[in-house]
Amino acid sequence: MDPEQRIRASFAKQGLMATLGATLGSVAPGAVEIVLLPGPAVSQQHGFVHAGAVSAIADSAAGYAALSLMPAGSGVLTTEFKINLLAPATGDRIIARGRVVKSGRTLTLALAEVFAERAGQERLIALLTATLMSITGREGIED
Amino acid sequence: MDPEQRIRASFAKQGLMATLGATLGSVAPGAVEIVLLPGPAVSQQHGFVHAGAVSAIADSAAGYAALSLMPAGSGVLTTEFKINLLAPATGDRIIARGRVVKSGRTLTLALAEVFAERAGQERLIALLTATLMSITGREGIED
Amino acid sequence: MDPEQRIRASFAKQGLMATLGATLGSVAPGAVEIVLLPGPAVSQQHGFVHAGAVSAIADSAAGYAALSLMPAGSGVLTTEFKINLLAPATGDRIIARGRVVKSGRTLTLALAEVFAERAGQERLIALLTATLMSITGREGIED
Amino acid sequence: MDPEQRIRASFAKQGLMATLGATLGSVAPGAVEIVLLPGPAVSQQHGFVHAGAVSAIADSAAGYAALSLMPAGSGVLTTEFKINLLAPATGDRIIARGRVVKSGRTLTLALAEVFAERAGQERLIALLTATLMSITGREGIED
């Protein structure tokens, strides 16, 4: 399976992404994009997109960026992430762009920038850094 | 409105919590509990609860713990959080328990411990620390 | 070597701790204390203890708490930490108390609470969470 | 005072930087560089530069990048930072480059990349993200 197919097949298994209505955007080696549409189903109490939903797509974008550089057969798990939320998440689309900062044998550092797009203009609303662990040879943990 | 009613009314407006099937557990001044049931709708690719869903309930639990100590009329926004994921999130129930570490005029530090319960036994699976900002006098940002 | 001797011998090799004038306090399995005296040598521009010095003793306290539970012959490295600074670091003594949250084969999560002591009263001024990695069989990386 | 002079004057008051032997490199609006020389005085137990020393220069570089964009008369305090440590800090020089990600009225997000230079080659060894708070009108908290 080529790397893009691998990411797309794995993303299709993330029930949470379907539940949130998130979709996979562009996929390249070390760089993955996920898109979320604002709306009541993903909101917090003031009507903005919930920090948890922003974090979910940012974490997935970072994780798939990491997975895209890992050897076939290995799986990826997030061991930690931090997210700074810079502005309320509103607009036409929320776009998380993950990319690998440093790829290691066991641990990979990735970051994700999250943008709110309104009328074609993007604004940075959050920044995530995440540590991803490569898991090999554990049953059920692949991709 | 008493503090518990305030938290319950705000939680009911978080569309994301309904979408995830998360429910509010106990609510006390400075301490709030949120419960999530594992299942395909909140899963990642290996069948565990997605780190984003774990983060969402942990962030909300920490945020509401902070809000429970803020003056009436103020609203709460997360400015940043970090979560360490200690073990795959599986089991009968995932329980996030938020509590305030230090409450300030503008910024509050809260943490949330997340437990996986299986057959009545709880195991710590994640730890979140979050900075919450108190917002006053901004239209639409209340509770 | 017993665990306390192991930690004390390793601490004595941390040139930075001597440079900062930091000293090792109590050492128990999974819990280690480090003490720093405020003063111009460790200050930032307003005269408070520098966040970097607070972080240094908090990181070491968390790291040694982790090392105290690792098998003999293994070494400890910090892979990431986050610190929330709650109040300016001033007073008679700054005390970092590290303890293990979850000890794993490869990764350990530890936290450190940092207190400022003035006239015998302690106040929480910072909270750190850190991921520590156990390293085995790499030359020069022991304790 | 011009912005560069302001940063250089404030840096000269950071007793910790002198104690560590750290020096200020280039200073531009929103971007500040700090340099540290490895050696026993800033080491941890295996002889690498201590994570606390790496964090101290990274935090200062991020903080001064933030201060460089703040109005005269305001002071800067770090409220939180996270650092991911990617490789042991060794080499001829350790260089922290801070820059502002988003500048706000009260809170600024900055990051710092830390490089180890050996034989003229740089390698990324750490990444820090920090929240800086602008303080105005509090006696003794300036620059």
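The letters A, B, C and D name the chains in turn, as written, and every chain counts its residues from 1.
In this section, a residue touches a chain if its C-beta (ideal position, glycine included) is under 8 Å from a C-beta of that chain, and two chains touch if they have at least 3 such contacts.
Owing to the predicted nature of the structure, the values given are computational and were not obtained by experimental measurement.
Asks: Name the pair in A-D, A-B or B-D that forms the same interface as C-D; by residue number, over half of the contact pairs must coincide.
Replies: A-B
Asks: More C-beta pairs touching across which pair, A-B or B-C?
Replies: More C-beta contacts join the chains of A-B.
Asks: Would you mind checking which chain's C-alpha centre is most distant from the centre of chain D?
Replies: For chain D, the chain whose C-alpha mean is farthest off is B.
Asks: I'd like to verify one number: the distance from the centre of chain A to the centre of chain C, where each centre is the average of its C-alpha atoms, in whole angstrom.
Replies: 33
Asks: Report the inter-chain centroid distance for chain A and chain B in whole angstrom, where each centroid is the mean of the CA atoms.
Replies: 20
Asks: How many angstrom between the C-alpha centroids of chain C and chain B?
Replies: 29
Asks: Give me the residues of chain B that touch two or more other chains.
Replies: 79-80, 82, 84, 131
Asks: Can the chain contact pattern be summarised as a line, a ring, a star, a complete graph, or none of these (other)?
Replies: Basically all the chains touch each other, so complete.
Asks: Give the list of chain D residues in touch with chain A in this complex.
Replies: Residues 82, 84, 86, 101-102, 104, 109, 111, 124, 127, 129, 131.
Asks: Which residues of chain A touch chain B once you look at their complex with the stated criterion?
Replies: Where chain A meets chain B, its residues are 10-11, 13-16, 18-20, 39-47, 50-53, 55-57, 59-60, 75, 77-85, 88, 140-143.
Asks: Using the touch definition from the top, list the residues of chain D that touch chain B in their complex.
Replies: Listed in rising order, the residues are 79-80, 82, 106-107, 131.
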